[in-house]
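Please find the structures below.
The two complexes that follow have chain A in common; it is paired with chain B in the first and with chain C in the second.
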Partner chain A sequence: MDQFLQQLVNGLSIGVIYALMAVGYSLVYSIMNFSNFAHGSVIMLGAYFGFYALTKLGVPFYVAFFIAAMATATIAVILERLAYKPLRDRRAPFLYFIITAMGASIFIDNSVIATIGPTPKTFPTELLPTFFQGDPLEWGALTVGRVDIAIFLVAATCLALLMIFIDFTKLGKAIQATAYNMKASALMGINPNFVIILVFAIGGGLAGMAGVLYGMKYQVFPQMSAITLKSFIAAVFGGLGSLPGALLGSVLLALIETFVSGYLSTQYRDLFAFIILIGMLVVRPSGIMGKDAEDKA
Partner chain B sequence: MRKLLCGTLMAAAALSLNAQSVKIGWFGPETGDSALWGQAELATVQMMAEDYNAKGGITVGGKKYKVEIVAYDDKGDSVEAVNVTKRLISQDKVVAIVGAQGSGEAIPVAPIVNEAKIPLVCSTATNPKVTVNDNGSINAFVFRACFTDPYQGKVAAYFANQKLGKKKAAIFMTIDDPYSTGLSQFFKESFEKLGGKVVAEVSYTSGEKDFRAPLTKIKAANPDVIFIPAYYNDVALAAKQARELGIKTLLLGGDGWPSDNLISLAGKSLEGCLFVNHLDFDGAAAKPMRDEYKKKYNKNAELNSYMVHDALAMVVDAMQRAKSVEPVAIQKALTTCDLQGITGHIKIGPNHDPVGKEAWLIKIVGPDMKFQEKFAAKD
Partner chain C sequence: MGMEYIQGIAILIGINLIAVLGLSILTGFTGLFSFGHGGFMAIGAYISAIVSTRLGLPAPIAFPAAILAGALAAGLVSVFIGKLTLNLKGDYFCIATMGFGEATRVILNNVDYVGGARGWANLPQFTTWWIVLVLDVAIVLLAWNIINSRHGRNMVAVREEELAAQMAGVNTFRSKMTALIVSAALAGIAGALMANYIQFIRPTMFNMAKSTDLTIMVIFGGLGSISGSIVGTILLVSLPEVFRNFAQWRLVIYGLAVIIIMVGRPQGIMGGVEMTPAGIRKIFAARRAKAKLEAELKAAEQGDAA
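Up next, the complex of A and B:
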């Protein structure tokens, strides 16, 4: 029982990180109907921004966290302007968007390897707020890492705010309308370009936060974007384009992974996770909460 | 793929027309996960070649030869290692090769050097299959400067059981790496032979970053020592996550641990933990090279620097004793190698492995790696 509870906590702590990353994939997909594979590289950049703001600029952790989120939001928007907008203007097929995204991802990853180097880095504990410096919290046999608690709180707050924003504000309604039908909402006076920039900025900002949190939980290294692929799978699992779906998919995928590797063996983990994913897509091609089965990339 | 020639060597070649040069190949990972160690090896062999050439070269059979290092990046990949070895042999016509730091690269390369009859001296490839094939035959042209995994596993098991009095061990290994699975197996055999019990054997796949699920399994088995035969980066991650799960057990490791980055990555989570090493970094034998390396590159020499130093020294020594730079003559001389290296006494045995080479137990104390105890082979 102790072990079960501990594995449940382990799974949830991975799930919320997946969720923060998956939301970025889902938001862009809901508007532009393509999977932005450069998202993982933006997450990686966020981790580096946070790391260098903390260690080189010497700013407090909260400021470094904010800098990372702002920097990646900017980069995501620049990426949209430079890489995707020219394609949109020419009405290029969706496949071109995906290839461009992959190219951008490879470009960003290798730029970091070439300039900063491949050696992993860790956030120095002494520069983090005092909350992170103590021993892990214990309740009986159950242990929870301090970083995990922080990740949970930050992720829950961000995701709650995002849902409130999407459901209850005018801008949020604009995003929803554009996701539903870009042409019709443009006719109603919603500027699609503005909505797209907004979506990339929100996704980018969340990416920066996810990157810093991921870097604190594990390490900061250039190949991080490969791991964020899991969060893309979670987004598909939950239903691409749906925010609650991304959340649910992330937590479910993380729990499946953790329980398979905890009770069976690590070798079976991905095997099981993907069998469930494929089974899910066969039965319900739009994912758990997705609405649209077309164009699933 | 990048080809590197020693700068000094070219200068030296221009200097004297009558001095001949001898080409020695090196390959290892200059990029990828173990780039840190590959780069350290390359820096070392280049430094050594410069030192040899500064004295006018090495004297073999009364003649002076300049040492030319031909280096290729194998990216820590077995396919790439095979490609660069073929290139070193057929295109660059090297007389001997050093490097091949990972067993995963050294094993596929062995049949190629055997067929081409070019001696290969591995720096840190510790898996037994590097020199001895599955059917018991010896790879005639493959040698190594390091001790092997069965020996290393035995030392770790002996130390844990006999010296520290640990009875219940858990093993945490990389399932897709022959170094890790091999070392686990040898540790387990020795530990059980000594009367200990292995209570949990769990694994992860290389490239993973979250070990909490398998570590929770270890925690439930309640061992009194955890053996982690992995490389430094994974060790740092595993140690941190183990401590976060409230596992306070002593962690024990092998020669994948020592690295300048280990402690900065792991923080306090490895305090008091122990690993088996090929030498004492702070010892007198290592000092001249440690100082020279530090002065030249402004970095600390890695374990691989010392290992590849001894590998190249073995080749040079073999040439001098054979009075020849012919690959077959070098091979013959290597079989009778009896050399005092930085990492200990290297006497090549019938399996082409050093016999009776000491292993060193190192303890992590604060930011330092402190030498604890020395072990010689016991059978």
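Up next, the complex of A and C:
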């Protein structure tokens, strides 16, 4: 029972990070119907921005966190303007978007490797707020790292704010309307270009936060962008294009992963993730909460 | 820049070309996008390595048997994968193939019989420049014949408008399956040649980046063009070699090149047009005819003036 609870806590702490990342994939998919594989690289950049803001600029952690989110939001929007907008204007098929995203990902990852280098960097604990310092908290047999608690609180807050934003504000409703039908919502006076920029900014901002949190939990390194593939699987698992689906998929995937590595073996963790991905696509491609994919023949 | 170095690059181009031609049939002509052909290459490479080292066959039989086994194994797996995923729409097929490729890699990572994540070294070096060249020529002809056969026309019909093709009596599932099996078997051959050329294989060599590379070569050359795939492969395999002095920066340039071609010339270098001897003759013939016509017009004008 103790081990079960421990795994549950571990799973939740990585699950919320997956969720922060998956939301970016899902938001972009809901509007533009393609999987933005450059998102992982933006997450990785966020971790580096946070790390350097903290160590080189010497700003407090909260400011560094904010800087990272702002920087990645800007980069995501720039990427959209330079790489995806020309394709959108031409009404290119979804594949060109995916390949462009892959190209952007190769470009960003290797730019980081070429300039900063592949060596992993560790967030210096002494520069983090006092709460993060000290021993893990213990309740009975349960041990919870301080970073994990902070991650959970920060990520859950961000996700809750996002949900409120999407469901209860005018801009959020504009995003929903555009996701439902871009042409009709454009006729109703919602500027699709603005919504797309907004979506990339939100996704990018959350990516930066997720990057910093992931970097704090583990380390900061260029290959982080490949690890974020897990969050993409989570987004597919929950249903691409659905925000609640992305959350549910992330938490479920993380729980399955931690239980597999806890009870079976860490080696099978990744295998399970990919089997879930293929199995889900075969049984129900639209995911747990996605709307049924319509056949636009 | 010794001869051997250049020949090494030529062999790499030749090996990649085999996989790219298969993917060209699947992606360029049938319109299905795969991010998992690295997985089929891996299956070809590992099966061929088992056949060429573990079965104790004599050298003259071992290599052809290894290539054949690699192609067969990859083809068989593709039948299974195709049955599961070919009915998926658009990018869900893409994502499923990606899952397949990565799952293959993770499984290989955990099989100690083939070296696991550390890889498998000291494989025999059977692949030579001549074998690659002969296979390349044969496979270009094969691809050319498939494209110009009834099967090939059905594939193009599936790419252009699947529903309409179905209404016109094309068994679209079978066309897609044929394309997938051919492309997987060719990827298997490429993997087998790779294993028996580099003499060392490890699962990370066949990761998603490898699958993406292959797809990018097809798109770079131009979808729906065999000659485009050839040009794309030659350019993209040798590009990183040209920039080898920039070591770290060559992949940055590669990524940038992909974005630029997608944004600037999405139809690829060849843009769906084939470069054939007949086509080139036609271009020259058209030029000559134009020149002749212009000369005649000029003569006629002068005649009028006189």
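In this text, the second predicted complex is superposed on the first by the 292 of 297 C-alpha atoms of A that agree within 3 Å, B and C clash if a C-alpha of one lies under 4 Å from a C-alpha of the other, contacts with A are read in each partner's own complex, and residues count from 1 in each chain.
One rule holds for everything that comes next: contacts are C-beta pairs under 8 Å (C-beta built on N, C-alpha and C of every residue); 3 or more make two chains touch, one makes a residue touch a chain.
Being a predicted model, the structure only gives us computed values, none of them experimental.
K.L.:
Where does A:Y180 make contact in the superposed view: on chain B (first), on chain C (second), on both, or on neither?
P.N.:
Neither partner.
K.L.:
Which partner chains sit in contact with A:Q219 here, chain B, chain C, both or neither? Use first/second/both/neither.
P.N.:
Touch status of A:Q219: first partner only.
K.L.:
Could you look at A:V236 and tell me whether it touches chain B, chain C, both or neither (first, second, both, neither)?
P.N.:
Touch partner of A:V236: chain C, not chain B.
K.L.:
Would you sort A:F131 into first (chain B), second (chain C), both or neither based on which partner it touches?
P.N.:
After superposition on chain A, A:F131 lies in contact with neither partner.
K.L.:
Using the superposition on chain A described above, determine whether A:F165 touches chain B (first), chain C (second), both, or neither.
P.N.:
neither
K.L.:
First (chain B), second (chain C), both or neither: which does A:G262 touch?
P.N.:
A:G262 contacts chain B only, not chain C.
K.L.:
Now for A:R90: first (chain B), second (chain C), both, or neither, which partner does it touch?
P.N.:
A:R90: touches chain C, not chain B.
K.L.:
Tell me which of chain B and chain C touches more residues of chain A.
P.N.:
C
K.L.:
Shared contact residues on chain A, chain B side and chain C side combined as an intersection?
P.N.:
Shared contact residues on chain A: 226, 267.
K.L.:
Touching chain C in the complex: which residues of chain A?
P.N.:
Residues 33-35, 82-83, 86-87, 90, 92, 94-96, 98-100, 102-111, 113-114, 226, 229, 233, 236, 267-268, 270-271, 274-275, 277-278, 281-282, 285, 293, 295, 297 of chain A touch chain C in their complex.
K.L.:
For the complex, give me every residue of chain A touching chain B.
P.N.:
Going through chain A, the ones touching chain B are 2-3, 6-7, 10-11, 13-14, 118-120, 122, 125, 136, 138, 143, 145, 147-148, 218-219, 226-227, 257-259, 261-262, 265-267, 269.
K.L.:
Where on chain C does chain A make contact in their complex?
P.N.:
Against chain A, the touching part of chain C is residues 33, 84-85, 88-92, 94-96, 99-100, 102-103, 106-107, 109-110, 161-163, 208-209, 212, 215-216, 219, 248-249, 251-252, 254-259, 262-263, 266.
K.L.:
Along chain B, where are the residues that touch chain A in the complex?
P.N.:
31-33, 35-36, 175, 202-205, 207-210, 212-214, 216-217, 219-220, 233, 236-237, 243-246, 261, 264-265, 267
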